[in-house]
Amino acid sequence: MNLEKSSPWDGLHEECGVFGMYDFDGNDVASTIYYGLFALQHRGQESCGIAVSETSGPKGKITTYKGMGLVNEVFTPDTLETLKGNLGVGHVRYSTAGASTRENAQPLVLNYVKGTLALAHNGNLINANELRRDLEYTGAIFQTTIDSEVIAYHIARERLNSHSAEEAVRRACQKLKGAYALVVASPRKLIGARDPFGFKPLCIGKRDNSYIITSETCALDTIGAEFVRDVRPGEVVTITKDGGIESDTSMCLPEEKEARCVFEYIYFARPDSHIDGLSVYASRIKAGRFLAQDSPVEADLVTGVPESGNAAALGYSMESGIPYGTAFVKNGYVGRTFIKPKQSSRESSVQVKLNVLKEAVAGKRVIMIDDSIVRGTTSDRIVRMLREAGATEVHVRISSPPFLWPCYFGTDIPEREQLIAYNRSIDEICEIIGADSLGYLDIDRLSQMVDGRPICKGCFNGVYPMEPPKEDIRGDYFDKEINLSRKLERM
Amino acid sequence: MNLEKSSPWDGLHEECGVFGMYDFDGNDVASTIYYGLFALQHRGQESCGIAVSETSGPKGKITTYKGMGLVNEVFTPDTLETLKGNLGVGHVRYSTAGASTRENAQPLVLNYVKGTLALAHNGNLINANELRRDLEYTGAIFQTTIDSEVIAYHIARERLNSHSAEEAVRRACQKLKGAYALVVASPRKLIGARDPFGFKPLCIGKRDNSYIITSETCALDTIGAEFVRDVRPGEVVTITKDGGIESDTSMCLPEEKEARCVFEYIYFARPDSHIDGLSVYASRIKAGRFLAQDSPVEADLVTGVPESGNAAALGYSMESGIPYGTAFVKNGYVGRTFIKPKQSSRESSVQVKLNVLKEAVAGKRVIMIDDSIVRGTTSDRIVRMLREAGATEVHVRISSPPFLWPCYFGTDIPEREQLIAYNRSIDEICEIIGADSLGYLDIDRLSQMVDGRPICKGCFNGVYPMEPPKEDIRGDYFDKEINLSRKLERM
Amino acid sequence: MNLEKSSPWDGLHEECGVFGMYDFDGNDVASTIYYGLFALQHRGQESCGIAVSETSGPKGKITTYKGMGLVNEVFTPDTLETLKGNLGVGHVRYSTAGASTRENAQPLVLNYVKGTLALAHNGNLINANELRRDLEYTGAIFQTTIDSEVIAYHIARERLNSHSAEEAVRRACQKLKGAYALVVASPRKLIGARDPFGFKPLCIGKRDNSYIITSETCALDTIGAEFVRDVRPGEVVTITKDGGIESDTSMCLPEEKEARCVFEYIYFARPDSHIDGLSVYASRIKAGRFLAQDSPVEADLVTGVPESGNAAALGYSMESGIPYGTAFVKNGYVGRTFIKPKQSSRESSVQVKLNVLKEAVAGKRVIMIDDSIVRGTTSDRIVRMLREAGATEVHVRISSPPFLWPCYFGTDIPEREQLIAYNRSIDEICEIIGADSLGYLDIDRLSQMVDGRPICKGCFNGVYPMEPPKEDIRGDYFDKEINLSRKLERM
Amino acid sequence: MNLEKSSPWDGLHEECGVFGMYDFDGNDVASTIYYGLFALQHRGQESCGIAVSETSGPKGKITTYKGMGLVNEVFTPDTLETLKGNLGVGHVRYSTAGASTRENAQPLVLNYVKGTLALAHNGNLINANELRRDLEYTGAIFQTTIDSEVIAYHIARERLNSHSAEEAVRRACQKLKGAYALVVASPRKLIGARDPFGFKPLCIGKRDNSYIITSETCALDTIGAEFVRDVRPGEVVTITKDGGIESDTSMCLPEEKEARCVFEYIYFARPDSHIDGLSVYASRIKAGRFLAQDSPVEADLVTGVPESGNAAALGYSMESGIPYGTAFVKNGYVGRTFIKPKQSSRESSVQVKLNVLKEAVAGKRVIMIDDSIVRGTTSDRIVRMLREAGATEVHVRISSPPFLWPCYFGTDIPEREQLIAYNRSIDEICEIIGADSLGYLDIDRLSQMVDGRPICKGCFNGVYPMEPPKEDIRGDYFDKEINLSRKLERM
């Protein structure tokens, strides 16, 4: 819907996917960006958009199409046909409730002193309010509530004192605190930038005579491009027709200071992606193995809560020797517009989305692996479904440590009071969800899980790579229910 | 469609309608704004929008709904229901082709240093490019191609050095050159401003304990409000709960320097509106009378090309004593989405929209009154239709002088080369359209027609109240066909 | 919306328009049918449809497109493009509330023993229930609630014993009682049929090498076709490539038994149409003249309630010598989806749709002509608006006699109890609507008005050309408000 | 789209899902039917519909809503709200191209001699043409091209000589040849009928005081109903408030003559469903085990082509001891409106939908299990993807025998010439798809797979339980591509 509740601070916390492409041979990139966004759809189902320009055309002519909904709902063949241009950026945005408005859809397209700019952003700035206020005190106006507008403003301002667009991007980035993975199309350049901690992934691909900068490698596979390399945390890369990939690493930190979001490995990213050289799938398998080592239990079957629990379940099975099997059938047709059962009705959302394969679990001791428990209400329901289908025991294993702290860098973790792990022992949680036993991944296993890459574990231990903001940056309209419902959507 | 061709300068030339309302009793104003916009629909059929806020609520919360299309296409009862607030502004926008995008729909809603602002604008600035460039050189970014964004920026900047929102509006207006009628909702105020020449109309109304600022008085009649007074050219009026109507006339010029757009009387405004104290209908009747005095001809019937020629035709009939009658039936169902006949087809747009009443014209000498001739192709067709229906003579009288010059203040006059009157004598035009005689309103009659009010006659004589811009401000995407097709739409 | 309340008997009372075309040269007819329907839009705004086939193609292949809404809402250029065929029928349907469903949209397309058939129908059968029941007792099933399905069934059954499609149509018609004007496309023929009383109009046109059968001549003008002749009451005409127009008059009655619906002349038909050789416009002018003769009054201005009162007002003015003028401005943008003001609101539907030209009426004695008064609520409001605008006297003249009886042949007249004229004297009505005087057209003038053509005046005098049905054929879902709202829509 | 190509014989071959419900307590059933259809969505994605009536209300009032698209696209909360009634039937329809029209959407709702009837049908009649022709020779008309209309006609006719609706249903069924699973709502009864061979599944469930008749048990699980029993092949069951479940088994054959469609077990049905007492999941596990026994091969990993190959893969793994694993990530967002890559583009449909987990397969000998190969083009592509991801060997095992013969009972098998197995040896096929080895399920294993239940294996061996029709009943518009694309959609 187009109905916008204008408010400065809602909608800050987005999980998104970005995809930029520059074809030096002048071929249109819109349809390839479409398939790229399609591969990144799991990173955002609220809105999407593509902006393209022709590098050989009149400088600064950008054609844009954005809309609310999934990639295949928003774009039609006709629309793609009209998006002419060999340089472009695309974006998928995560559906938070309050600010789920067309105004906030990306890419952000703008005119500034040097022409036009299209910008797509994944992440969350912790000093966005501060930066907004500073800008407002010099007369700036804001038409959206997304961080990208703040970033764009800074790029426009820095451009006045910079020799190049990439310099302006880098100077602007130096003012940003928080998580960002940016793709920018300036009239003749494709620029990518990643925050110095590397919270959010960003990588470079190549296909024939074109380059791609995108959030995950699965988007490269989907379009048949080869992976070139990851963008380094803190790096600004610039793709030009003449220079190929140019790199500015002046913002990079010593490697040990980097702090990737470990939840990208645990849940966000697609298992077939590689982030900073590590297979997401492999790290999940490893998490399952650690669980088998650290929380062993006798059982007849290991199964995953689809889809995100499957890889860890396989790892647990490999390590423990307990057979892996499918215990659930997920209804793949549950989509954005699914009508949720009313409280009063006999139907339940979980039951509509998941069904148990009685044959697979009846009479068996089942180990059920999930990637996380947030409030516990879904887990509770699923455990009950397994028992009703005849499972004699249900042992729950979670391939991440308990959530205990807020995230300031892009993950929508509910208020502490709503977290099941807050102020509760593992045994208490186990009882609440009705399991026979419960085990979480040990927090010390996380680094091992990602082969020693420096990570942010703030949501588990409250230790953040930078000073968290004092005020609550999530605003009034932050949707407390979003994380849970989103999990169900991806199950 | 939402497909936007981003370009900085297209879409400048808009004819629009504005409607702002502030209900001191706290009643919702959205549905009344809806009916107000409905009465102003003839001023713009491209897009429309409403933005409202609650003056008793948290400062700066604005709810907005905008869309492409007519008022009754864009808004639903549900949408109106959701637009809660007792202070609001609405806008209808004229359909130019190039920049007919949702991004450019108004009202423009923004956050700035003092909170939020909603702004609706009718008119055309001739220094918009200049102002944009100046702003860009200080780091501004632009997300639309409408003048309103430039105005909003200036208000935001001036607010830093102003004691009040209205002072900021006035200071911003002092930088603007051209035509503007503005309505602004700041959190607790409704502000209206009209350019010093008074090109575009703006008036104040009152209903119970609420005030309205709007483009035409017909909108006041429609909602059952009483007319209070016109906003004076150059005046900034501020409606507050405590102060009622406050006025700042510091920008006003001596009355003789004012320059109302005479085309508002001739064609734009609804006949039931009064502009600056003068009935539009009465001025058209007068134009018809002048034509009868200055271009008399013997005939059996005077008729108007519907709808805009009817009042002048009645005036001609009154003055000449020749009976007035209806000669045309207009198909009232022709709308925005009407499929135009192909060149190759046997059908023609004019014929689909108009039919002649044979009984009314057969065997008669007909005087056909129209408000203007732009390219002449429609007139040509209509004259032929009258003859085919049996009219023995067709005398065309036009209730305005010939178009010869561009307009820089909001009227979409085509390139001179396309104007039928350019480089042609009246006789030549008469021959082209196939009439037996042709008469235009004498340019000297215009002032008489509006009872001596100072007017701009630039499109007729090339004399403008201010220096016209040197560059062509209409950009590449200006739709050359728009004026003609629009006329047909309103016939 | 597509939500259908299935009920056998709702939606019987339709006013519709039909348009059939056969191009012998093989050109596609869909876009011409589109413009034809467009000209007939005033006969039905609920739904519309086009069905076409190629006479040179595989026998019985029909392509259809139907939808809820106006012609220009339902059809797109793409849709018309896909409708390939040189023989076709189109239909516009009047918006009754209950059965305003897509299922009931026409043309009805069906397969039967001889292939396919497309059928469009205007009118109302009084023995439809009876015929349905008879068919059901032989095992028929009904998927719609429109009479056309009953007619189609009978054509299909009669086809078994007929030598040709036209014979089957004629045999089927012999079973029908009531009003019908039919257009049928059988694989290689275009067939038209009109009931023996001639309630509903039907005429034949020609353009190049193609023939048209349609409801009103205005549709012929619109597409540039010439009028050939009216279909005679009771006649079945068949257009074939080889035979041109063939005629079966075996059902025709002696001319004096015919009974055209006089309301087609008074209100339904477009003024630029001719029905059975008589100009609708001329008959309305005449009605106005009669009113001036029979109900004279001293006044300064004669005006019509737009649009349908205008011609009679002009006639009154011609006869009386009192000047004709425009007193109202009608908002032409009021459409199907217009949101009606709530009872509680300060706005009123009438005021939103009509405004008075104060200059035209202030200080004047006004004669206001309308075509009919149903409940009187609108008249009441309009009279008050005239007074508020300064009219010193308001004399109402109605160009038809008072409604007193139901119509069984296609006109939606409300229950008697709701008719303002029921059980009231003219003086009482005059008082209710607040007029200074009131005059109706004398019922004896009707025949004069139509130059002596035999007409049905049942709604005025309760005398019908055939025995009316005993049961109420209008069903439960008949929308009592429809007539009034529809009038307003066409004002 | 609503554009209908009317043709008598297209669209016959449907795979569909049906769901009927009768709540004796008078509660509305529409929202439960919605969730039921949702669980059956895999059986048809083209169109869907719900028809309901109130058994306590006026007899024969049915409210219907149908539309093109998925259940969650067609229905909104408002729509469900409007569907008032405690007795209803719902339907999902499979997307064939030619006749994918709104006219053909089910349930079919009709009036007949005894009131109204709503009917939903899954299956395919082989004597539908014959029955249509017979009906046409007695004057019947057809407005759709679906078998349901033929069935409805026969029910209506038989009702004339029957004591009850269920008797009419049974008498009508006796004329039908082919596959059918019917649910019928007559004003006070819910009737289910299954053809004597039992091609299509149909079962009965119960929840509180309501009964359900539906295609698959997974729909019962989803709404929290308990499974009562299957409808027997040839049985007509009638649910009434007073009688509960009544059964008419007069059409039943000796059990050994039954002929269930084995492809329901192999592919069509959801794995969590039970058909005639047998778990679909269990039968697929078994198929995998048989493959391991009959076509063993040394390897490191067994994997399924998602989703339909997974269960057989698990069975293969269990039997062989070779580890099971996930090798593919499927993009769950591929939907109906997905834009297929152009032939010329670098992207491929398969690659957009599937990606390989390199870590899972690199350096491994992989056994890839799929449920069937139709043309082989998809298999070819997937095998190549596995190799590119580093699989050293790729052994393909298919959990069904090779397709060699047409199906006349509801499965869209392409022309023989397009079947990869037609006129080719297994080795030849293996080479074409590029596998290292290929094994199909032996046809003799099928009966074992379903625990000896009598099945139809016609598509594998050309032996059908009844004489197949002589003419090609699939018509001109049968979409040759449908089976393949549909498989991909469900992957």
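Labels A, B, C and D are assigned to the chains in the order they are written; within every chain, residues are numbered from 1.
Convention: a contact is a pair of C-beta atoms (placed from the backbone, for glycine too) under 8 Å apart; a residue touches a chain by one contact, two chains touch by 3 or more.
For each chain, UniProt lists the protein as follows: A, B, C, D = Amidophosphoribosyltransferase.
Since we're looking at a predicted model, the values are computed, not measured.
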(request) Check every other chain and keep only those touching both subunit A and subunit B; list them. (result) none
(request) Could you put a whole-Å number on the gap between the CA centroids of subunit A and subunit D? (result) 36
(request) Please report how many Å separate the Cα centroid of subunit A from that of subunit C, as a whole number. (result) 60
(request) Calculate how many whole Å lie between the centre of subunit C and the centre of subunit D, each centre taken as the average of the chain's C-alpha atoms. (result) 47
(message) Where in subunit C do residues touch at least two different other chains?
(response) none
(request) Spell out all pairs of chains that touch, sorted by label. (result) A-B, A-D, B-C, C-D
(request) Using the touch definition up top, name the residues of subunit D that touch subunit C in the complex. (result) 2-8, 60-67, 79, 82-83, 102, 108-113, 116-117, 132-133, 136-143, 145, 149, 152-153, 156-157, 159-160
(request) Spell out the residues on subunit B that touch subunit C in their complex, using ranges where they run on. (result) 31-32, 34-35, 38-39, 41-42, 45, 70-73, 75-77, 80, 207-208, 218, 221-224, 270-272, 279, 281-282, 285, 307, 310-311, 314, 318, 323-326, 329, 331-335, 337-339, 341-342, 345-348, 351-352, 355-360, 490
